[in-house]
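Take a look at the structures below.
Shared between the two complexes below is chain A, which has chain B as its partner in the first and chain C in the second.
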Partner chain A sequence: MDQLGYYLATLVVYFFVYNILVWGLNIQFGVAGILDFTYITFFAIGAYTAGVLTNGPAAATNQHYILGLNWPFLVAMCVAAGVSALAGLALGGVALRRLRSDYLAIVMVSVGTIVFDLIANNPNLFNGNDGLGGVPSPFNDFLQLDPNTYLYFFVVFSGVIMVALGLLAHRLTSSPLGRSMRAIREDLEVAEAFGKNSTRIRLIAMMIGCAYAAIGGALLIAFISAISPSGWLPPETFVIFAALLIGGRANNLGAVVGALLIPVVFVEATRFLPKWPSNPELGAALRNIAIGGLIIATLWFRPQGLLPERRWRWKGPLPAMTHGSPDA
Partner chain B sequence: MPDSILAIDHVTHFFGGLKAVDDCSFTVDRGSITALIGPNGAGKTTLVNLVSGALGCRSGSIVFDRHTISGRPSYQIAQRGLIRSFQISRELGSLTVLENLLVVVPDQRGESLFNTFFRPRVGREETRINVANALGVLDTFSLYSQRDEYARNLSGGQKRLLELARAVMARPKLLLLDEPMASINPALVSQISLHLRELRDRGISLLMVEHNLEAVDELCDDVVVMAEGRVLARGRLADLRKNKQVVRAYLGGTLASSAAG
Partner chain C sequence: MSTLVLAVGFGLVTASVLAIAAIGLTLQVGVTNLVNFAFADFLTLGAYLAWSLNSGWHLNFWFSLVFASVAVGGVAVAANVFVIRPFLRRRTPIVFLLIVTIGLSLILGNLNLAIWGSGYRSYDLSPEQPIHLGPLEFTNNQLVIIAISVAVMVAVRLLLTQTKLGKAMRSMSDNIDLARASGIDTDRVTHVVWMLSGTLAGLAGVVLALNLTTFDTGLGSNILFVIFAAMILGGVGSPSGAILAAVVLGLATEVSAAFVNSGYKNDIAFLALLVVLMVRPQGIVRMAGKN
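This part shows the complex of A and B:
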């Protein structure tokens, strides 16, 4: 297979993974208004959980990690989603119950940093700073495909999961539950005054978003068969926020556009800019600055994003009104 | 003795060292329109916040429809059928007018997680019924043609009407209205008065904080006067006008001082 096809297929998988991540953050932040500034942590929880569940025992490798159960990928992915949702429940249960959104954001960032340091500095949990590797390719033990064909298989496989999650996200955002989430985002006190248990509803949004992040993480570690702390540095959360804000929050299609534009097109395109031999890290740093600039520009000039939240309209029949002014 | 839907019993509330509500007790009769009047800073809004659960009630007790609600979170109080409006309109701005009504319908089965993901039809069916009801309510409140407008784009008066329409949609037993007539024109005052009387006729009890004494006189069966966090007097407005304490604290207070100045 030619190099370009390989590269593009890889990009497509990355796009699918980012798309899932942006949808998850959209449910948390776009719809329910939760400032989850440590979203990437839940991606990592998903990736590591899926990794240690599908990997064999650590003794057989020269890595150190817990579990190592040789589980099939789909089971591991579901468990990873569950573990991440529970982590989201634990964090949200503490943080969402009482805290105003600004304090909530601070707690989120702090917890994310603590988890990051814990995973990076504890060599026995997920192989520490060296990262977890050797994760088997899903289904390939009986598919026995060569790497190039398997890549195309993985494009289809991750695409199917992405489409399924997209449909579920659409069901949520177009449901009465989604409407209640938006009401809470608009004015939590009013929603409560009309009988909405805002803590419960926000925790649901938190857990669903964390599950999406974890599924994205599980797909990514299965695809590249490894993950290390340098792959999910805390600023990565803001790349996903940038995608959501620029694409359009509370709009699932906007999330798709954002996932395509920011993490895929923008980050990939800037990868090919010439590197400074004296400082090879400069490119990545400039990229983060540019993403920050893009967020500011979007919030300034088009705060609703490229595809704004869609106005809900009743499309069914309209009853005849008695003394109002039914407009034709 | 008439049946009371709300009984406030020895309720006290402090903001730091400031005693906003001081050993306040009164009842609201079922099926009545009761007004709560008093000078600014009398503790009326604080009391509304205590009754609706927006503020935690730590001293005294509040009984609504035979259930003690003091100390309960506001969403549970609302679920029991005690719905409040806000002194300054609090529309859900990026939801449409119609959605502002749909979202407050109690006990929606479409809100369950299972139905959301696996039986979306339940939510759709329910929404169809709720839309029909909501459009009827919007028609009553002259907001029908604004149904698809974002609530934030409504005029001030329309927002007051939306505030009321939304409260009706929540199927309340008792409506707690914090200055429903505030900053609206006289024509709208009489329209809102009409709506409130209709609600009372449908069996909804109302407790309203209000400064528009003309409207209070016309609408309310019973008037509770608060001053400095306490209940000063209670009765019909015509009788209260003869009460020296009430006149001094509220009714004639401003007149007297402006005459003196």
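This part shows the complex of A and C:
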């Protein structure tokens, strides 16, 4: 029974982390329309930054990595979000300015591949392909909980962060800034004609989404206490895209539904299918085929996703109309 | 010095493989105006189909190569007819079309993995002998690859300039509505373009696998973005640009591997791509309306 509790608690943490990731992508793609095909790279930047900030010096372990400052987790998490947002700013500043969607997607994946290669081939940065490990659990050096109790603490801890980020995402999408992002997504020229600085607003969306990805990454590395390049290969971005598209694009609650359905239910449920002896990859391959098929089927039959984007309505007459209009 | 010379030799072979793939991609993107992320999986599929025919059924390698290439062409046409064209008919915005090609890539790529598994494969061929051409050294298979590539370049050029079909392709690439208004059967030409692009992709996959001697399911994905780089560097829709870009990138990636860690080989191509997109997005050979 305890095993089951342990397993379910782990699933809940993954669910919370994926919520954060899908919300971030929703801000970039769902609301602002930026085709970020390298979203997982920002997750990795967040995870690695948090890892090297909270870890002790590298000389004490048999890994190689930079920094190693033993900072408290929350500080490291905020710094990781900042670093990732700056990376998003750098990439967006170069790419978002004048490229059409398909070239933008190609540039993004290319940069993501360069980053991946840099990390994997430079063992001195983040321990290369062996991965960064030994990351301490947040708050545990003064709570001193045993692993089972700590797990439940972490569920609550990540849940609080998740709820805070969810409320923030909701505030953002209901705000005038969110409205501008949607306007730019729908028709960039019209939005610019209304005086919106589309580059600046898209960069803001990019940065916020990257920050979300980084926080998700920081939480996950603190939970698993390790990360390696094989954990953030390019196809991971598309699992998150699938979750967003199926759950409901531009809808924060839809993002939660998608995060529950795809990374949690679908991926975890299929993990228990027996392995085919001659082809151990078969399960994973079939799962990815199903995800590809789900993406295409969703875009064909229900492109808005399960929970469609909210239709925004004015509650009463527009204020200007009640003041001396000729027909009033 | 001799590593540099060897690298130039490798570069020429890589350039030949890249050229075949880049011509296929640039023709397809030029005519259909849709960047196809599943292109990598056409390459991988071609390599594996040829492997099944060659190592599995013990057929002659060159026959397997031809058969596999044509089969992949068929798969490409099917992908267009059953997946892409319905979305195009619905006037789906391009952003979602790109995601559809990603979905297609997930399906095809993992189908390869599901059918053939994750191990490394090689073709069943007679052992290679080195051949010296001046200071450069090649194996006989590599010379065949270069010869195939040159043949493809010549054939495509003849197709585009001397045949009515080629003229139709060029006009669709330039302005599709005007082409339709001029009475060109754009549907039929689109089928042919997908067939051609798929066949070239399959062919490129087989010769790439031949060049690497062992390959796994990552074959196409490892090189996809270098092919994109060649297409954009050369100017979308221009086969001659693609050839030029393939030579530049092929030589650049191989020669750079002589100086830096070979894990960064492809990253040189990506840097070139970024520079081109910032400085001259229309590529080396400018094609009107393709920016």
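One rule holds in what follows: the second predicted complex is superposed on the first by the 314 of 328 C-alpha atoms of A that agree within 3 Å, B and C clash if a C-alpha of one lies under 4 Å from a C-alpha of the other, contacts with A are read in each partner's own complex, and residues count from 1 in each chain.
By definition in this document, a contact is a pair of C-beta atoms (placed from the backbone, for glycine too) under 8 Å apart; a residue touches a chain by one contact, two chains touch by 3 or more.
This structure is a prediction, so every number in the text was calculated from the model and none was measured.
By the document's definition of touching, of the two partners only chain B reaches A:171; chain C does not. Of the two partner chains placed around the shared chain by superposition, chain C is the only one that A:245 touches, whereas chain B remains out of contact.
For chain A in complex with chain B, the residues that touch the partner chain are 168, 171-172, 174-180, 182-183, 186-187, 189-198, 204, 309, 311-314, 316, 318-319, 321-327. On chain A, the positions that touch chain C within their shared complex are 33, 35, 37, 94-95, 98-103, 105-107, 109-111, 113-114, 117-118, 120-121, 235, 238, 241, 245, 278-282, 284-286, 288-289, 291-293, 295-296, 299-300, 303.
Contacts from chain B toward chain A in the complex involve residues 52-54, 73-76, 78-79, 83-84, 86, 90, 92-96, 98-99, 102-104, 106, 108, 110-113, 115-117, 120, 123, 126-128, 131-132, 135-136, 138-140, 142, 144-145, 147-148, 150, 166, 170. By the touch criterion stated above, chain C contacts chain A in their complex at residues 34-35, 83, 86-87, 92, 94-96, 98-100, 102-107, 109-111, 113-114, 117-118, 225, 228-229, 232, 261, 263-264, 266-267, 270-271, 273-274, 277-278, 281.
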